[in-house]
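Read from first to last, the chains carry the letters A, B, C, D and E; within each, the first residue is number 1.
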Amino acid sequence: MINLVWLIPVLPLAGFLINGLFRNSLSKGMTGIVGCGVLLASFILSLLIFGQVRQDGFHAVTVTLFDFISVDKLHIPFAFQVDQLSVLFLLIITGVGFLIHLYSTAYMHEEEAPHYARYFSYLNLFVFSMLLLVLGANFVILFIGWEGVGLCSYLLIGYWFKNIEYGNAAKKAFIMNRIGDLGFLIAIFWMITQFGSVTFTDVFGGAKSASVGVITGITLLLFVGATGKSAQIPLYTWLPDAMAGPTPVSALIHAATMVTAGIYMIARSNALYSLAPVSQTVVAVIGLTTALFAATIALKQNDIKKVLAYSTVSQLGYMFLGLGVGAYTGAVFHVMTHAFFKALLFLGAGSVIHAMGGEQDIRKMGGLRKALPVTSITFLIGCIAIAGIPPFSGFFSKDEILSAAFAKSPVYYVIGLFTAMLTAFYMFRLFATTFSGTFRGTHEQEHHLHESPLAMTIPLIVLAILAAVAGFLGIPDALVPNAHVLEHFLEPVFAAGGEHPAVEVSHGTELGLMALSAGLALVVSLLAWSRFKSKPELAEPTGFGKVLANKWYVDELYNAIIVRPLNGLAKFFVWLERWIIDGAVNGVGRLVQYGGRQLRLLQSGQVGGYVLLMVIGILALFLVELFVKK
Amino acid sequence: MNAIIISAVWGIIMMFSGIVTAKGSTIRNAAIIGLVLLLVCNYLDLIGYHLFPVDTHKMLFFDTFGLLANGIIFASTLIYVLLSGREIENIAQRMPVAECFALIFFVLCGVSLVTTFNTLLMLFLGIEIISIPLYILTGSDKRNLKSNEASLKYFLMGCFSTGVMLLGIAFLYGASPNGSFSIDDLGIGSQKLSALYMAGLLLLLVSMGFKVSAAPFHFWTPDVYDGAPTVFTSFMATIVKAGIFIGFIRLFDETFGDSQPRWQLFVAIITAVTLFIGNITAVFQQSVKRMLAYSSIAQAGFMLLALLSINGLAKEGIILYAAAYSLATIGIFAILIKMKDYTFEGFNGLARHQPLLAATCTIFLLSLAGIPLTAGFFAKYYMLASVIETGHFFWLVVFAVLCAAVSVYYYFRVIQAMYFKDGDAQVLELRPGFKGLLVVVAALIVLLGVFPQVLLDKLYTLVYTW
Amino acid sequence: MGITQILFWGLSILALLGAILVVISKNPVHSVLWLIVVFMAISGHYILLNAQFLAIVNLIVYAGAIMVLFLFVFMLMNLNADTEPQKNKWLKIAGVVAGGSLLLVLVAALKHADMKNQLAVMNKGEIGLIHNLGLVLFQDYVVPFEITSVLFLSAMVGVVVIGKKD
Amino acid sequence: MIPVLLIAIPLIGGLAGFFIKDEKSARGWSLLVSLAALIVSLWGLSLPAKSPMLNADAEWLPALGSRFTVGLDGMGQILCLLTAIAFPVIFIATWRDEYRKAWNFYALMLLSQAGLMGVFLAMDALLFYFFWELALIPVYFLCSQWGGEKRIQATFKFFIYTFVGSLLMLIGIIWLYSHTADHSFSMKSFYDLRNRVGGQEQLWLFWLFFIAFAIKMPIWPLHTWQPDTYEQSPTATTMVLSGVMVKMGVFGVIRWLAPVLPVGTWAWGDTVSALCIIGMIYASLVAIRQDDLKRLVAYSSIAHIGLMCLAIFATTTSGMQGVMIQMFNHGINIIGLWIVIDLIERQLGTRKISELGGLAQKAPALAILLVIVALANVALPLTNAFIGEFLLFSGVYASKATQYNVVFTVVAGLSIILSAIYTLNMIQRVFFGNTNTLTEKAKDIRLNEKIVLAAIVVLIVVIGVYPKPILNLTKETVDLIITKMNYKS
Amino acid sequence: MPINYYIFLALALFCIGVAGVLTRRNAIIIFMCVELMLNAVNLLLVAFSKMHQHALAVTNPQAGIDGQLFVFFIMVVAAAEVSVGLAIIVMMYRNTHSTDVNFLNRLKH
């Protein structure tokens, strides 16, 4: 069975090719069937493989397809590694991916057939890349998928290519990703020189004998890659802009794929990070900062998708905090739960937007609860989950990270907790503004309001269930001993990285912390709910609120310190090119011409002059003879 | 000896042919026969069959180098007459054709002397025999003030350089240990040279430099080449120059060869100046004819490299260079004569009206520029290689190639005008034979460019078995 | 200082003086005449050096034939002093300076020549006599001698061609 | 045998082409000839490496010590294949371009192919120089005759520029020749020179060669001929220039410089690398600000070639392998880009990015194909260029020839980002957004163009996924060169 | 007489000739100055000839005779040159009615 693992990515690839090549001849129905069908097939395959992997005593299996690059002593096979971590991700990707595909068949139904097919082919390609990323048995295959998802995000964000703004957002995503990718790439080169290989087993095996400095360097560079892909400071600004794409795409990017790539990669490299405490600290600090930072911005956003986007950035920050403090399982756990509730939230938002005829500003919504019952309920579940209110999934995963952070340093915990409160606040602000109160849109929209079709609601319901119950996969020891299914499942992967450095927190403390965070989340949620239930925030924010609404002016800052100087430099180079470098070349030519014009004057036409010059020539020769020593 | 006597005699025959017939074509045919005869006899000489066993009392020495050079020169002259001979008749309203051909033969006689001289006296006489007819040919367009002016300038400066040369010879005579002009006796060896000897050497360098238009003794060249009737410019710039160059090499090889390190620097300076002035000044010319005059200076600069590094490669190379340069220049001049307008603009759009003419002209120009696949490339190759072989004067080599790059600029201006610019280049009437011959010349150039050894094989074996 | 020395110096001064006057005379005819003086002085030198044949030839060919040709041409053209406009003063100075420096440089170059004890013997030796010269000329130098005929032929043809009125 | 055929077929075909005074037949003829060359090249690929068919040797200039020695080693195979593929592709892609006196155009194109083949096949220094120049002449005529408005000046600059370089190289060749043990131009004698030419001499000899190659590649700051020439040339010629001709420089360094003058190469490695890197960043930045599509691609080419040159001087096996494969890839990719640009220009009569926009609506197939080619240009994984650049960068990073390898990698790596910027900018501004009055009337591509571009895309992906055959092909050459470059051994 | 005297005398005459060529504008006079130069050389050759005779008289009674013969040839050549030169000058004069060389500047640059 495991040998068929290559089918898992190949099926979406086939879907991509079929939909892409025959986009003009396929009907929408066929397209949808192909697009979703391949994902479903992959999901089933993943389940089957999962069945094998979860058996006790399973060791990671490497499936080599062919020799990819083989130069000198460096051999990079095109190989897949199947182990607990990759299977878990496989399930998340194909499962959530399938739901999103399904959802899309309805959501995108108004598109023309060729574009519809194009959309699905992109989606399939996206999933293919992501699968490649998690399946790759070495860093290069991982990198291929890594860049692949970057490309697909570019294509999907810019899906409506007529709009130049969307195009810019797509471009920004790609370029930001590339900046991170460069770090990743250099890390790979470093590994090659250091270990002579990029295969996970070789690298992790060799890491113990390498110096801490080297490992720190490599891990930091890898982290640079991760900040790009997973939208961490300083490379996070592309993600909120990426809302330009169709909403299901946002769901895909934010929930199941792409942004989790960074988490996956660091989790995968836990063996390296465990050896580099400095890197871990950096990861934790950056993660935490990002979490807080994004959360503050989310407070003042009015675009339904933007709020969700910043919440994603913030949640990703959590995951990095988890990775940084050594709670790899917690981070992966959070990835999973996040995949569920964030997909749910985005799809719900999509449903809202669908109903609103494309409107995304929450200030123009309100009272949608009645018109969209399924959507509103599932959305509420999502909000509760993300806010960390027990017993929904978000609570468990977030709590695992927070307790690990507390063990590392209380400061981490306090900030993390504060961020969690902010999360609860802005999520319920969003929910309250959108779904309760009175409708604030146009009459036309009001008439148009309707619950979404089944193809959209079914994924919502499925995801809502998952968001609600997935937390039970990771019940902390403090509550029920040995109930942490996920930790046991993933143990082989993370154990390989060495002992967990986190100082164990006593169960009592942990329970206290849990109660504190759950209580605070609940309180803040209710606060927000009541605050915005009937009096939504409609005015333009002022003062500090304005700073937040404008995202701390980071885009403007980047523009001023990077984009503009770069443009200036480019302009200067163009000038240099024209006047100095080419000028020098042309100058030589002109000098020759000028010389010709001047020298020609020697040819005065006067015999006397000629003879005089001849005599001077003779004189010169004799002077050389007389005075130049030989 | 065959060539000297036959050229002199044929000159006299040509002189009298004017009495027998006034028909230009007959006279020209007679000249062609004479040239073929010269070639044949020279070849006989080359393979050791001497028609006139004259005891020259060591005044002349016939070696392969000289005879091969003669062969090249006669062949070039033959091609020249075939291509442009008819044009001589066009200036013949003022100038009897027969006499012109007679003078050309006398010049050839002088050239044969210069290529085979063995005493300074013969060199002197040879140069004078070359020069005097040339003064006249230059001025042969008697009503044309430019022609007059060119002739007088050439004459005055030529006499001056003769004076310089004689002073040099006198010094050498004074320095020679046993009072002789024979170059066998002048070779003093590599010991320290007397001041007299050195002064003589320098003066000879100057005067020979003058004859081959090496800077700064080149000033007559542009004016004379420009002023002279184009058909004779072609003759002067190619055949005569090549001939004198052979003599130049011979003089410095046989006479001063042993003291080469002593005078190399001077040659290097002159070469550099020549290359510089020739190439740079040519850049700004508006008339193709005058550009070719400057280019001939530039080419002389390249040939001087052979003088700098007299060795096997140089002597081989100078023969090839002479051939390559003469063929290409004769070809271009033959085309130039057919042009109504000698300026660069006059060539605009030639390729459209006369594709064949333009194509052959391009090959000639490429050869002059030294692009591979043409004889000019190997010619330049040999020159550079000979200097590099000596291991000194590397800077000069680099300088030479930079100048060669400059030369591309003005040669390609013609190509640009012909091919890439619009215009209607006016061309005089062309005979099919003329075109055919141009193609043959171009083919020869390409042949030499691919297999230079065709020409050099004989020389090579001889040079290295010496 | 014997008679030969006195003659040497006298002739030398005469030659130099004549030469300078050739250059600076305004009237071309005067120049020609001064040139004849120079040639005579040089012929005198030849005689001193026992090269009688050359002395005579010099007188006959140069002073006699060639200079007369010059005079003819002057008369033909009716040239007199006024027809020659003044050359640019600076060019003139440059010419004189250049000529002077050439002399200086040549003298400097040859000053140290090892010629101190070399003598040009005077009044001795037979080689300058027509008998000896003739023998050598027609034996060893027969080739160049014949070759000069080509030179003359070409000069003749040239002069005829150029001089002929059309 | 095969090398001779590879040179002779286009040469004779080209010469014959001058006499086919009919546009259509000339076009067909040239396609036929180039396809014949392609078949021969493929035949050559199918033979084992030691096959005697892959070499030919004949007397040429015995007195000069030069022989007509041609042979196909791995590097030759790959570059000849590139040349052989490029020409038919170009002919098909520009099938509809109109030329005045088209037969001359096609004949000259074939002649340039012969010259290029000769360069890649020559195993004798003088022969190499011969072909080096010969490849230039037809291109000069092509550009000057059929180019844009300022073609004469632009191509003339190009010609003189390259001519200066090659003359300097000629000096170098002669100098080395005169120091060979057996007075021979053969490659073997040249490779044996490393023990006979002292370090001091190698220091300056290096530049004689390198300038020639650097101009051809081109390396900053000797690159200024390139954008002008690309801009002014007819697109078919630009494809030859950028697709194949710039590889002459890279090839020259690998075959005739690095193994011959290892000390010089080592000593100047850092300097040259610095130039390459400056060039990469510089060209990328300048590319960002270009409005003319051709100029943009020209500058991007400078950046890419800079990376190849950088990797050569890294003296690592993987870097060198990267150069080999990247030479091929770059040729394929850039020809693809030119085809697209040519299509746009032919349809709309402009290359100005600012005048275009929204083409993806009108020409979706074109847009998709361009995007793929452009992504290959920015070295996205699973395209051929990724393999190349990955190896190049890893080679540079692993270099032991320089102590600045990390700096070089990082700074050069910035060009990856910059290349994404200008490429995406270009795609966006040409294909995305709304149409304007000009692009309103654009149509999608025709079948022949689609086929050519699709073929290129297939090549891009196939090599990107399975580069092994090509890597294996050049393995031996790379090992040889690296061994020779390691002068200490 | 020491040979040096003759050398310097000849050089002086030669250089006066050169100076004449440089300073005068009349073609004929320039030509005459060239003749002056040739004569200086002739004188030098004869002097050298006598020097060689003196130095080599023991071994070769004919020593030095080459110099005098050379002078003879120079005279021959000079005569030929003069005829051609004067013919050219006359031709020039016919067209321009001047023998001024400064007048000759149609050809330049």
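Note that in this section a contact is a pair of C-beta atoms (placed from the backbone, for glycine too) under 8 Å apart; a residue touches a chain by one contact, two chains touch by 3 or more.
These numbers come from a predicted model, not from an experiment.
Between the contact lists of chain C and chain D, the overlap consists of A, B. Path length between chain B and chain E in the touching-chain graph (shortest route): 1. The central chain of the assembly on a C-alpha centroid basis is D. Taking each chain's centre as the mean of its C-alpha atoms, the one that lies farthest from the centre of chain C is A. Inter-chain centre distance (chain A to chain D, centres taken as mean C-alpha positions): 37 Å. With centres set at the average Cα position, the gap from chain A to chain C is 102 Å. Computed centre separation for the pair chain C/chain E is 6 angstrom, with centres defined by C-alpha atoms. Here the spacing of chain B and chain C, counted between their Cα centres, is 32 Å.
Within chain E, contacts with two or more other chains are made by residues 3, 7, 14, 17-18, 21-23, 25, 30, 48-49, 51, 53, 55, 63-64, 69, 73, 77, 80-81, 84, 88-89, 91, 101-102, 104-108.
Touching of two or more other chains is recorded for residues 589, 600, 603, 605, 607-609, 611-612, 615-616, 618, 622, 625 of chain A. The set of chain C residues that touch two or more partner chains comprises 87, 91, 94-95, 98-99, 102, 106, 109-110, 113, 115, 141, 144, 148, 151, 154-155, 158-159, 162. Across the assembly, chains come into contact as A-B, A-C, A-D, A-E, B-C, B-D, B-E, C-E. Across the complex, chain A meets chain E through its residues 600-601, 603-608, 611-612, 615. Contacts from chain A toward chain C in the complex involve residues 608-609, 612, 615-616, 618-619, 622-623, 625-626.
Taken in their complex, chain B has these residues touching chain E: 121, 124-125, 128, 132, 135-136, 139, 142-143, 145-146, 148-153, 155-156, 159-160, 162-163, 166-167, 169-171, 173-174, 176, 178-181, 222-223, 226-227.
On the chain C side of its complex with chain E, the touching residues are 4-5, 8, 12, 15-16, 19-20, 22-23, 28, 31-32, 35, 38-39, 42, 45-46, 49-51, 53-54, 57-58, 61-62, 65-66, 69-70, 73-74, 76-77, 79, 83-85, 87, 91-92, 94-96, 98-100, 102-103, 106-107, 110, 113, 115-122, 124-125, 127-128, 132-133, 136-137, 141, 144, 148, 151-152, 154-156, 158-159, 162-163.
Those residues of chain B whose C-beta lies close enough to touch chain C in the complex are 4, 8, 11-12, 15, 54, 56-57, 59-60, 93-96, 99, 102-103, 106, 109-110, 113, 121-122, 125, 128-129, 132-133, 135-136, 139-140, 142-143, 174, 194-196, 198-199.
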